[in-house]
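Below are two complexes that have chain A in common, paired first with chain B and then with chain C.
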Partner chain A sequence: MKSQRGWGILLLGLLVLLAVIGPWVAPDWHAMSDALTDALLPPSRAHWFGTDQLRRDVFARLAYGARVSLVVATIAVTVAAILGTMIGLAAGTAVGWIGATVQRCINVGLALPRVIVLLVVLAAVGLLSPVALGIILGGTGWPAVARLVRGEALRLREAPFVVAAHALGATPGRVVWREILPGTMPAVLVATTLGLADAILLEAGLSFIGVGVKAPIPSWGGMILEAREQLTNAPWLLIAPCLALGLATSAATLLGEALRTSLQPDTR
Partner chain B sequence: MSRWMIRRIAEAVATTVVALLLLIVLLHLLPGDPLSALLGDRGADPAVRADLERCWSSHRNTWQSVTTYFGCLARGDLSYSLSKQEPVLQLIRERLGPTLLLGGLTLLIDFTIGLALGVWSALHPDTWRARLISATTIVGYTLPSFVVGMLLVWIFAIKLPWLPTGQLSEVTLPVDSGAWAVFADHIKHLILPLTAMVIATIAVPLRQQRTAAMTTAAAPWVLAARARGVRPFAVAWRHCWRPALTPIVTLLGLWVPMLVAGAVFVESVFSWPGMGSLLADATFARDVPVVVAAGFVVIVVVQIGSLLADALYHIVDPAQRST
Partner chain C sequence: MTPLLEVANLNIFFPQASGESTVPVDDVSFTVAAGELVALVGESGCGKTLTGLALPRLLPRGAEMGARTVIRFRGTDLTSLSESELRTYRGRRIAMVFQDPMTSLNPVMRVGAQIAEAIHAHRKVSKRDARERVLALLTEVGIADPTSRIDAYPHQLSGGMRQRILIAMALAAEPDLLVADEPTTALDVTIQAQILELLDHLRATRKLAVLLITHDLGIVAGRADRVLVMYAGRIVESAKTARLFSHPAHPYTRGLFASIPRLDADTTRLTPIGGSVPRPADWPTGCRFHPRCGAAIAHCTTHRPPLEAAGPDQLAACWVTQGMTK
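== the complex of A and B ==
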């Protein structure tokens, strides 16, 4: 599945490029043209993806939205990876009731639908900055990582080199940090890449229902929400963010699946 | 009712209670005092405040507020909606039906047509139709449900004005129209949301079933059955599908979260008056009592679903019966 990985990297690279240099090349994302006739223009040379009802350039908003989306998703998966690894390690290596209790916690976390927890938090705290939104998304994404890490840790605990380390008199802490933790990293990497797609989707969905990224900041979900009012006369407002979202999630999914095949051949 | 079943039910109940407990504790850990967080920027009308104080008070510590809320719940008192000015229980009663209809039909289609298509594409791997099926599932897998919904609205309600853009039924429908007209109207309003939900969720059962059926399709007994001249349908049904069935049941664990998320976002696209759009609207309005209560109902439904799935798994897989 070399081509899968290639496509994944290519698409993700394109998005990062869009996020990094897009806002710099395109007109200012919140600049409203003075000419009233500039509202809802179809795609043209001056405005690659047209303009919206507030006379803003759609490409600029898309590019800035890519930045927001990628930053939020990256923070989310980083937080989820750190929390999930720690909790999963605890569940997989602690002996007796502690391990069992942590395992119960992971099960409850898995049983709680992520969207519901997010909605409860967002209803209580209101609109957040993109960074805070990323942290909260990460705070609800850890159970999936923790389950994988726990499985790996349980498997590695019986591995010959871990048993040898024990026999050679390594402290339990050393065994966990130096012998078991590195072995769980491939699983964490795969879960993180696949989690990127989930985080992007969730951020877009939350912004679409108006509880994610705050309105003046462009986000793909928010752009789709705004496009809703203009569906009859300006479909490009809908198509552009939909394409971007599809591209982003396919990139993360392709890359994640490719990593899974090369890092964990036995899980296929 | 075996001992296993009783233990599994106890586990489900414990999970649900702990989940709700965590939600309430979480609300307390968030900055600000809970009641003013509930009221937000709204002025505190004394009557509303009193109504809220019953289940959500600012003067209690975390433990007390947990016991208070659970006490309210035990009495069937779900507090009062701030944005809709209605008891939460009544709101949920109105909204549960449409969601169960949409979710139930999605379940039915996913696990009949989805599984059938999975088996079919496992048996005919290199045809254009199989490629079309897998391309469609990839689209459903990568595009968020609300994007699928919006694109469907654009194509089938705006470009080709065949179907309504949302709601449960037509407001302008004459009151005296016959039962058949009302039914047809409901079906018309159901098609697009249901299609969006199915596209967004069918990938999980379909792909899993295809993988499982591909393994059994290569099994010697399938070749033997074909050589004996067993009808293709019987080969697919009895020789490929039945042995590949068990993994499907455990799949619900992957599929249910997609359904819940799908319900929230798709119902919002189509203004479908269900639990999902209730949750979305209430979150937007920062109506915490509604979000917590509706979220709790969703968790309970999900737990019942996974309990049933586990029971089914037990029945289907003989190896599980002795445990």
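== the complex of A and C ==
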């Protein structure tokens, strides 16, 4: 379990490092070389991961793409965590028809296929900046968090310390805010970390089918899309973003699993 | 003088979908005077915990109280109050200490903050004043080195210390009545004695009335002013502690004493009460103790015995002790 956490932190750290300082050390991501012969160069000392058909450095685009990927995914899971926690808490603690109605809304949210909803929304609003895309991804990711938080809240509201808080005269709002909400945080943290992998993949997928991050901003999904056409004569164009994608999702999953085992005592 | 707390005809039932309902607490009446320590004694499942929870109206979901139930605190009937009015009683006038100090504290909140919550629930005080109050409370309940313990999390404290924290929380709003539900059951024997001594001490210094709910007659002796013995949802005997221990009237109470080892008698074998406590759904008619009672007569199987005088300061609900014979 320790090694899981270690690998997760190491890989995610490398990725953040790549995103933060990569664009500083590598050539400018949109700089096109003047020499026409610089197109589709294989990996070399000057261009670590080679160049693409537009004579751009693949490493620089990969590093900037890491930035895009992490920004989109972080915003997405943060928005989903905040919305999901509030809605789940309402469903799990409100009594009578309010709680039941909110629970219905969560079920509807869970029943809607996320990718289809995203395609419809993105088709309507057009290509977006990474921040706006993150917010939209988060706006469709909350139901899973809400379901989780509702379950935790239902469990916690019967906990002896919650009964004790009522017995001491705490108002219902204070009980929810001070006693129940903090208890749901471990589960939300785990779901958010695991959700990071989902969001990275989702962003790549949307960019791959051309509705994600606006070109020419580099994103891993977009790079895979462009590399498809050069598969036989320049495979490094495909391998680099695919590797990055695999490492990023593995890092988030490893870290999430490690958090789960250390935060949830029954699985320790 | 009116008593501090007066409970009359307390009925608690769980309505079932079939229309029938189980009645785990059936027509319980008792009083607690200001500053008095009353013990409510009974086996597991006899309804004593529900009785305690009913006082500040904190019954679990699905439980209801009978229409004739009266819970009068200083003359105010709590059964007629709204939720927000009840909150001014919970903690402020009637506080509770629960059985399990391991789960009754919030694991993710510092203990000082939890005690402060109990103060803030009833009083507008600044953070600094609240912290001062918390330190004073920690000292009062016998926590050594309160300035370092105030920022501890529950898992960093021992069971005895956690129970002291729970008592400090209960005292935070200066209640008049403390309902202590099995406060020592989860603790080691030596720690039990310390916690009971603390309760005695608080009772003396704060003029606090205590309803001590327990299954352990041993902790009642020499501590309680009065004892209520509960069996299968009803009070079967009520007496001053000394009287109960010297002249137990109800066959169930006598059976309880016969099943406790004594230091001052040459007991070679204990005499347990035969059978076990029936579940609320299977409670017998008449006197509920009759299937396990050696003295039972035919009348006991059909007629419910009322609580009537059985000696000085003593009531018992038993046809036989009330002089009925076959």
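Throughout what follows, the second predicted complex is superposed on the first by the 265 of 268 C-alpha atoms of A that agree within 3 Å, B and C clash if a C-alpha of one lies under 4 Å from a C-alpha of the other, contacts with A are read in each partner's own complex, and residues count from 1 in each chain.
We adopt the following convention: a contact is a pair of C-beta atoms (placed from the backbone, for glycine too) under 8 Å apart; a residue touches a chain by one contact, two chains touch by 3 or more.
Everything numeric in this text was worked out from a predicted model, so none of it was measured.
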{"item": "Combined model on chain A where chain B meets chain C, clash or fit", "value": "fit"}
{"item": "Which of chain B and chain C A:Gln103 touches, first, second, both or neither", "value": "neither"}
{"item": "Which of chain B and chain C A:Ile116 touches, first, second, both or neither", "value": "first"}
{"item": "Partner chain in contact with A:Phe208 - chain B first, chain C second, else both or neither", "value": "first"}
{"item": "Which superposed partner A:Ala227 touches (first chain B, second chain C, both, neither)", "value": "first"}
{"item": "Partner chain in contact with A:Thr249 - chain B first, chain C second, else both or neither", "value": "first"}
{"item": "Chain B or chain C, by number of chain A residues touched", "value": "B"}
{"item": "Touching partner for A:Val163 - first (chain B), second (chain C), both, neither", "value": "second"}
{"item": "Where the C-alpha centre of chain A sits as vertex, the angle toward chain B and chain C in the overlay (nearest 10 degrees)", "value": "100"}
{"item": "First (chain B), second (chain C), both or neither touched by A:Thr171", "value": "second"}
{"item": "Distance in angstrom between the closest Cα atoms of chain C and chain B, superposition on A", "value": "15"}
{"item": "Complex contact set, residues of chain A against chain C", "value": "159-161, 163-171, 174, 178-179, 182-183, 185"}
{"item": "Interface residues, chain A side, partner chain B - complex", "value": "107-108, 110-117, 119-126, 197, 201-202, 204-205, 208-211, 221, 224, 227-228, 231-232, 235, 238, 242, 245-246, 249-250, 253"}
{"item": "Residues of chain B touching chain A in the complex", "value": "15, 18-19, 22-23, 26-27, 30-32, 37, 40, 138-139, 141-147, 150-151, 153-154, 158, 253, 256-257, 260-261, 264-265, 268, 279-280, 282-284, 286-288, 291-292, 295, 298-299, 302-303, 306"}
{"item": "Chain A-touching residues of chain C, taken from the complex the two chains share", "value": "56, 58, 87-92, 95-96, 98, 100, 103-109, 117-118, 121-122, 166, 169-170, 172-173"}
